[in-house]
Structures are given as structure tokens and as C-alpha cells.
């Protein structure tokens, strides 16, 4: 089958596969790992064949993720061999070491960590504090935001079918909300200056026991953190093609959800009509991005792979506000990974991701 | 088709129906209404053909339930005629007045309110403060808890197929958690005395603007309410065949979830082994009830139709503790209604209800 | 006693007054009203002699504010005559109508609403939608932020002692957090451009029953509101002497607390040392403002009249971040009112405000 | 001065002491330690002269308790010598080892842990898993609940003045709420059987980093714990003189507050009038206990040393419900300790504890 045919095949997904795709998860004990299990266990085209967690040997998944006890899955210390794809949910720097061997076995990778998100290898020591062990893979990796890089996903699908496993660097949670909110303006070169002020639920901080993340510390309080130094800054600057981004994240007392408020000084005056047109053009056909005309709440997308984007021009000040909201564990992590996986394996982009948000 | 055949048909669900079942929702603007839309819009055997809300005329569902905006459904003031089933999410006393006409049109009813839950008509003036306008229907209605009344659901399915529309009185949220926790003991006549102390998230109080339900009033506080007078008491006494139940509900600062802690003085000493056997026998084949051996949290079932039940004997005191947890809007309301609907329409009991719980 | 003497008297507070100051509260049933009662009932120099609420006639305060039941105070529909000062906690536009008569009776006013905060009468129709009925009073009113206007408070104290009652327009909650964070830079003319992105607990929205403020709507969600139109913008522009401020408030799931993150493009490069010096100079002697060197959380000031301010220069981008946090009901409302009241009545500025924050 | 005189002196507190009482806190870094600092730093009769925490050497208190930064206190690894009283906030088993030496130095002890609460030494191995190293001190210790043991506190005050330092075992949080709710009935011998179902905020679990206490684990969920085995059971049985108490605690998503719902089968029928009289007689003169006639919320006492008690008879079932609510860190821990301290040092019982609750 020629590449062109494959691209067509990818574009026209085959919902009823002869055999399910065999998928493993490395690092299944954290919050992103649990969310991957939740999504993939119910995915119509997937068979979950290996969940790994450090020092686990046959532990029922319900011991670690009580809400998933009914899946009757178990955790092992080692990955089984014959998998088609692996999702990695590992600390930064760890995935980069394991990926070459997995690729060599023909296994496609969806890395939920940052190790394959950045194109410039020098960003790793600068923002993450480690030298990337395999900078040669950075050019090959696809930044797993289909809304901006769908063609690359489809090309990776074609290559995969031709024998080259895919490598996806799944975006960070803050960049997903921010880039979706700003991309139409950024691509049109309309951003003179932007301040990104983001608010996140605490599940993004992971499941490790830290005193500062205790309920009693987080509840009824809000604080900024990572002042001028949050690692996701590099990723946003890369995807928006901006320098010196002013990004400030906050922790707020909720579990899930990110809201990125982007305060823009445009390069020229913009009308609301122009903004509406720009955003409609960008997202009208996107299955997971909805442009809304009232300020969106993170509660509108809870538990789903949906993103909502809002944009407003202020006649009084000449400024523009763009807001993006997502569930940080779904569109900001596991769901986004599944979306990219679907494309790379020629499935419907929405397979396993059709759940509506949960409210109230 | 003979009744016997139909019962078989109901027991052996047909997942791929020729035509979807046409379903309406009356009272679609509240929390239970929203949850019914969420579940039924994704139900594989259902076409949602009518959502009604007072004074609504073509309003997009997203105006009322922003999280459901992507469904592109709309709300109307009147129900369309040609529906097979209607879910009613109405204030108590209202459904009882509308049901006869709907039944007369051959429409099956799943009433999410209390109007068809109680068998003894005198319980309505006593606990709800209204005379039931159609006591003759109470004997015909099925108490919509399949775990205790599955045979009646299947009989109703047969009758429906033979031309008699079904009438389901879907259980209250507290009774669902409590009855599931206690039924094995109650049916075995082992309860000498029981105190039911329940804790609920505030979504059970509905969506009407009440000052006492403001975030600032509910947050960081817990209180009991409905002392000795909660209406659900009647329903629990009926289903457990108990008199003088001591039931106390509390509001706690969360949105969804009910935990019912049932403190039992048994009629005779009970061992843990005996309890385990009793509960395993009751629930081993139930798709939505899991007996667990650690105290369950409501967070383990959030957003799902699952219930978890826990039971423990205390050698020191001779007492028994049984705990039930559910999501009050799913297994305690909309999901339970869909489960009964599935049975009555001969579908797989779990159709549209397969979502795993959402955590963290 | 001459004015000069009085000014001295005001500067040297007399902690043990011969007779307590008789104080009334108009609008005592809301959240700010409750907070005023909490503070003033324990104030060493005050006798609370009149709490009024619409349609109240002798109702125990505990009926409205259960947490204050032990004060044994009651609510009346009308203010008693012989009071020295009145705190007004009323909807905007209402206080402006009542104030002239109160002043005419020699009663000093601390208005917790916006009616006497703005100097330019045209700001009222523009931002609040009403024509100010007494623009002649705007010049006389003192903007009740002692950290910026202490001299005016002391002058008002002198005038009051000489027979002219004081009129305080107590600042809004967002302006308090924002102005304290930005004032040192603004007064030095160092702000080229600033984006103020603020996060508030929901108690600021008041106690009126609104569906959008129900617990189930607010919990586990964050949203922006008042996009480009929040009324407090006018007040911030006035106090900071800025035009076209880009201000965006958010509601987050907590009851109390405001965090204002101020993203500044300075007029010239600023070092951290210069910022530290500037802020130390501004606040070193302030009893209620602490400059901190780690990002402050609203939880650090909960229940207290304290504010915390944080400022950082970013060498990478040349930008400056300033953050202010307060408890919106104390330093952002009732406590701030009491602080101004103390000054105007020649008391120690911290009288009745010495409680430490409550954590966790 | 004779003992009799001293008792009189203790009963007639001297609000203006010549010299403040010198107080130390051992274990000042946890939540109870922080709360002790908050209360004692503002206590009119106390000078805080020593705060200790493991491995601390001059650390500003604000490093550990940011909300207390303005106190300008510091933490040390060792207690200073010349203190009059020490509050111990230590893990169980630790205080018992340190107390004898402190007593030998004439230092009075308020132990916030369980080591001196139980009278029967065999309860320690049974409920806490350690042999008490100094059972001879158990008879001397006063159970620090003044509402039940005020005479013993006053006797201890007399003894202290005569040279024998006091030893207070400050009650646990659950026992405080439960015993206050039940004591009038228990003392009158009217309890045939009682189920205590309690709900607590998570601050009671302390400040140690535990994954199960992370915000994302606790939020939007409720669970029971310590089933049939919670250590506070022994203390409740002791103070209520009951055997085989059925006690079940729950963790709910809030930081502070305990509500104990006590479901009572009385020994004989009880009227509401009789209950009202019984409770009024017990608590009418208590400064910190209010009997209320609507179900109390924990939010009504937040941040204060107040307790609220509610009692109701159910004519339908013949049962009685008693509810107690407290702030677990104040009346359930630090505040209660200060209350006992006040009595033992002859101060007004309410000194330093007059703050009204904080709401909303």
C-alpha cells in the first residue's frame, strides 16, 4: 500500500478493526496513568495488555485506583513484549532513556511527559535541568496536539503502517489550554505582547505525597507558583512562536481543570467580528474545540476531552482577551494522548473519547 | 409473540435494534434532567426526541446545561407526541397528575420523583403532604431498583411488548444507597434494629436558587437536616420491611455522592464469614453493585452507575456495620432510571451506563 | 481644642476611652454586615447600638447569622438616633441617598459600598449605571485605604472632633488587593502597562440566592466574569492614576480571599533590589501590609485584616510581577472599614483588628 | 496561703496579672501547634517563650506557619528552662516519656495528645498499642474538659499554687463533640444504647504528608475509616461510662470541624420538654457550650472555642438524637487546652478564647 493510500486510510478511519490494538501503559499508578486506564479500558479499538508500576507484581488495579476496581486489570513490574503501542506516564528525563529501545522493537510511543515535546535540545537543560540523551529523536517526534499538527499525525500514521513506529510528545496541560486559546491569533501574527495567567486544579501536581498538597493546605486558598520559571513556558513559546512569554500559573482549590486567561496586546486594532471569523475558521471542524461566546468555566468540560475557547476585543482599551479551558487530566493529558494515538493508528479521532462532560 | 417469549427476549437483550427507542424528558432543566440528557444522548439504543422545560421554546440545551452544548439539542415547552418512553423529573405531586394521560397514549414512564415509589397511598399525605390523585396506579408501578425487583421489570417488559406501557417509580437517592447496603440482611430477617446515618453532596437539593445552598453557606461546613422527618424514610421502611427506622441525612460540602452508614443490631450474632457469604450471594451477578472489603468512598463511584457495599461484624460489640455509596445523580437518580428503562425495553441492562467512575 | 491639637490626638490614640463610641450598622444581614458585627462586637472602643435589616423587628442576630448567636444582639428595621457612626453595607446607589441626612445629624459614615469611592461623578453613570444624587459630597469623602490616604483620615478625624462628621468611601475588594500590590510602582511612575488578573472567593458575590452561586455550580470549577466591564476598574484607575487598565476577575471555588496578580511592563528595567527597596519603603511601617519574598496565598491572611504583597523582576523578559492577597470580607471590606473608623475616631488603627489569620 | 484560699483565688480570676505566665509549646510545627501559637500569641496573660520543633534552630515561625509570620516568633530544637507551663503536641506515647521530668521541674503540663486521658492503664496497649511508661501519673492527671471536670481543674489550680504542677490530658476531638452532646443523658443514666456517627474535616489527620490526604484524594468524596477500632472510643466510653460504644468516624471534604450525631435508644420514653430542661441545666452557665434548637452546622463555630449541642426526641420511634459540633482544632484541641490552662492558672476561663466564629 502506497503512502498516499495510507493517508487516505487514516483520514477514513475503520471503526471495526479485525483485531484490537494491543496497548501498554508504563507508569500506570499516577493520576495520568489512572486516566489512561479509564479511557483505554473502554476504548472500542484497544486491548489493554500491560499496566506497569514500580514494584508491582500482579496487584489488582483497584488497589491503586479504587474507582477502576471493576475493570479486573492488574499491575506488573515489567511491560509485556508484544504490544503495538505504549503510553508513557513517567517523570521527565525517564522516558527519553527508554524510548529508543521501544522504538527499536517497532512499538509506537505516546509520551505523556515532556521529553519529546521540545524541538530545540538546548531547552532541556535550560528548563528541565537535564541533557537530553537522544536529541536525534526530537525532530522525528510529533507534538501531539492534533488541532495544530494533524498533518504530522497522519504522516506518522502512514509511516507507522509502513513499518516505522510513531513517536508522540503529548503536550503539557498548560500549553494545551493556552495554545488552543492563542493559536488563531499567533498564526496570523497578530500578537504584539501577551500575558498568560493560568489557574489549575491540583491533580496536575501528581499523586506523590507532598505536605503542600494536603487537602488542608490547598483548600480555601489560592496561590501562584513557578514564578517566571515554569517549565511549560518553553513549550508555549515554541508552539506560538513567541519570545519572552509572561506566563504565571496558580493552584486553586479544585481537583481538575485548567483555565488560561491570555491578555493580548494585538499588533493592530481587531474587531470582534474579525476575531469571531478567525476563531471559527480555526476550530469549526474540530471535534474537541468549541468556540463559545460567554466566558467558559472549567466545569463545562470536566471529565471530557473537550476544550472551550473564548475571545473578546475591548473597544475601550484596544486589547484582546482569549480564554481556554480544559480538563487537565483529559484534554491536558490522557485524552489528548488517546486522540493522537487514534490518528496514528488510523482510528476515528474521537474513538474512546466521546464521553460528555460531567456537571454539576 | 407470547409473553414467555418476550420474557426470554428481555433476558437476552438485542444490542442492535432496528430502530432506536424514541425518548422524551419532561423537566430537563434541573440536575436530574441534565444527567438524563448526558446519559441518553450517548445511549446506543435511544433517540432523544423531546426535552421539555417550563417556558422554553427552542432554547439550545447549552443555555441551561453549558456542559451539554455540543449535543446540539434544544428545549421545548411541550412534549412531542410520538415517543415510546418519557422520563419525568418533576416536583413531587406533579408527575402523578400527568402520568395517566401519558400511559393512555401507550407511553412508558420512568418517573424520577417519588409519586410512584410507595405502595401504600396513605404514605403520601403522611410524608409528602398531598393526597395521591391516582392511588389505583400504585400497585401497577414497579419500584425501579432492579437489584431487588428485576423480575418485576422483566414482567413489565413483557407487558409493554404486549401493549401495556410500563410505569417505573425510580427510587430516591438515600433509599438506593441504604437499601442496597441493608437488603441482604433485611431479606434474611437479621435486623433487630438499625440506625441509618447518611451523608450527601448538595446536588440532591436541586438547582433552584436557595440562599442556604449558596457555595459560601455550604463550603467548609456539615449539618444534619430533615431530623426525624425526611420523606425518604417511608421508602426505606417499605423496601426493607422495617418500622420506625431511625434515619438521619446530612449535607456535606461536595456536589455529588451519597454514603449511607447503617449501624445494625442483628437479631443474632453474625460472623464476618456469614456476612461475606450473604452479600456475595446477593450481589455477585449484579453489574452495578460491588461488595468491597475496605470502607468505600463516594469518590470511587463518581459519575458512574456503580454502587459499592461494605459490611463488617464487630466482635467486641456484636454489632454490624453496612455502608453503601453511590453517585446520587447517577445510581441515585438518572442512571438508575436508565437501568430500569433498559430492562423494560429489552435492552442490555448496562446499555448507556458503561462509563467507569471519574477519579481523582 | 485647636485642630492642630486634634491631629496630634488622632496620631496618639487613646486606648481607654471614657465612653465607648456608639456605632450602628445599616444592612447588617449580608456577608459584609455579618463581618462588621463580628469585628465590632469585639471591638474594645465600640458599643454596637443598632443593627438594621429590611423587615426586621427584634429578630435575634443568630436567626440571620447563626455563628453570631452568642452575641445576643438583635436586628431592627430602623436605626436608633443617637449614634456616633454608622457603617453602611447597602447596594450601590442606596447609600448615596441616605448619607446626607445622616451627616446632617452629625453622624460619621463608613460606606462599604461604592457610592463615595470615586472622585469623578461621571464615573457613576458610566460604570454603575446611575447618576450620583450628591456629587457635591464626592470631594469631601475620603477613600478609605489608610495605606495611601492616612493623612486624609487624620484630617477627617480632626474635622470630626471639631464638629464635621466624617465620610469614608471604603474601597472595593479587588481594588484593595490590586492597589496595595501596585501602589509603590504606580506612585514612582514606573508602570508602562499592566494587566491585573484577579481571583476571588465567592463571598464577594453576596448572600442573595442566585442559581449561579449555588455550591454545585461553583464547586470544582473556575471562570472569568465581568470581562472588560467590572465596576471596580474605575476605582483602580483612579487610585493608580492609570488609563485603560486591563482588569479581569475570576470566581474560584472558595469562600473568602482575593489574589490579584499584576503583570507589569515597567517604564524602565528594574532590578529586584530596587523593587525590594521601593516596597520596603512603602510598607515597612504599615500594621496590616507585609511584603513577602515567596508567592503569598490567600490562606495566609484568612479571617484577618492583613494583606501580603509580593514583587518580582524577571531578568529574562524584563517584566515585573506584583501580587497582593487579602481576605475580601476583612481587609477587602469590613476590616478595612473598621481600620478607617479607628483613624477617624482617634483610636489605635489596629483596635479590634488584631486577630491573627486562621490556618489551616 | 492555704489551699482553701487558693481555691477561692482560682475561682475569682485575676485578669491583670503582675507578670505574664511563661509558656512553651513542644511540637509547634503541626496543626495543633500552629493553633496553640495563634491563640497563645494573642492571650492577654501569656508570654510565649519557647516554641520547639524537631531540627529547628531559630527558624522564623513564618517558615512553618506562613499565616503566623507577623508574630515574629521563632522555633528552636530545645525548650527553654524557665517556663511555667508547657503545651505538648506530640505523637502518642511520646508525651508520656517526657512528662515526668517536666513535672519534676515544677512545670505544669497541658498534653494535647492521648497519653494522659485514660484512667485505666490497660487501655493504652489495647487501643494505642503501647504500654504506658508512667501509669502512676494517670490518676493524677485531669481530663481537660472543664464542662465535666471543672472542680478537678480548680483543685489542680490550688495544688499548683501550692507547688504541685498540674497535669492536664486534653480531650480528643471526637470525644469532645460526642461527650458534650451526650453527657446530660449519660449522667442521668438515660442511655440504653447509642450509636455515634461522626464526621470530621481532615485537619484532624495532621500535617504529615500522606498520599491519602492529598487534596485530590479528599475533595468531592466522603468515607468512613477506623471501623470498630478508632482509638477515641476508649475515651468516650470512659467519660460516658458506657460499654461497647458503636462509634464510626468519617472524613469529609473540609478542613476544620467535627459533627457527632448520636443516635440514642433511651432507657425510658423522653419528652422534648424533659430533654430541653436536662440540657439547659447542664449548659446554661457554660461560656463555650450553647444548646440550640435547630440542627447546628460546624460552620457555626469555625475558628472559635464554641460548641453547639442539639437534642431532639422522636415521638414516632421513641428515639433521641443528640448532635454536637465543634472546631476540631480549637474546642477539639488547642482552644480546649487553653481553656484548661486558664483554669489551672487562675485566669478567666475565657481568656484568649473570646474570638467569635468566622462565617461564611
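Letters A, B, C and D name the chains as they come in the text, with residue numbers starting at 1 for each one.
Keep this in mind: a contact is a pair of C-beta atoms (placed from the backbone, for glycine too) under 8 Å apart; a residue touches a chain by one contact, two chains touch by 3 or more.
All figures in this text were calculated on a predicted structure; none of them were measured in a lab.
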{"item": "Pair joined by the larger number of C-beta contacts - B-D, B-C", "value": "B-D"}
{"item": "Per Cα centroids, the chain farthest from chain B", "value": "C"}
{"item": "Intercentroid distance (Cα basis), chain D paired with chain C, Å", "value": "36"}
{"item": "Approximate Å spacing (C-alpha centroids) for the pair chain B, chain C", "value": "48"}
{"item": "Inter-centroid spacing, chain D versus chain B (mean Cα positions, whole Å)", "value": "42"}
{"item": "Multi-partner residues of chain A (each touching 2 or more other chains)", "value": "31, 201, 203, 207, 216-217, 219-220, 253-256, 296-297, 299-300, 302, 360"}
{"item": "List of chain D residues in touch with chain B within their complex", "value": "193, 195, 197, 199, 201, 216-217, 219-225, 227-228, 244-246, 248, 250, 252-257, 259, 261, 263, 265, 295-300, 302, 312, 314, 316-319, 321, 323, 360"}
{"item": "Chain C residues within the chain D interface of the complex", "value": "31, 34, 38, 41-42, 65-71, 203, 207, 219-220, 255-256, 290, 292, 294, 296-297, 299-304, 306, 354-360"}
{"item": "Complex contacts: residues of chain A adjacent to chain D", "value": "31, 201-203, 207-211, 213-220, 253-255"}
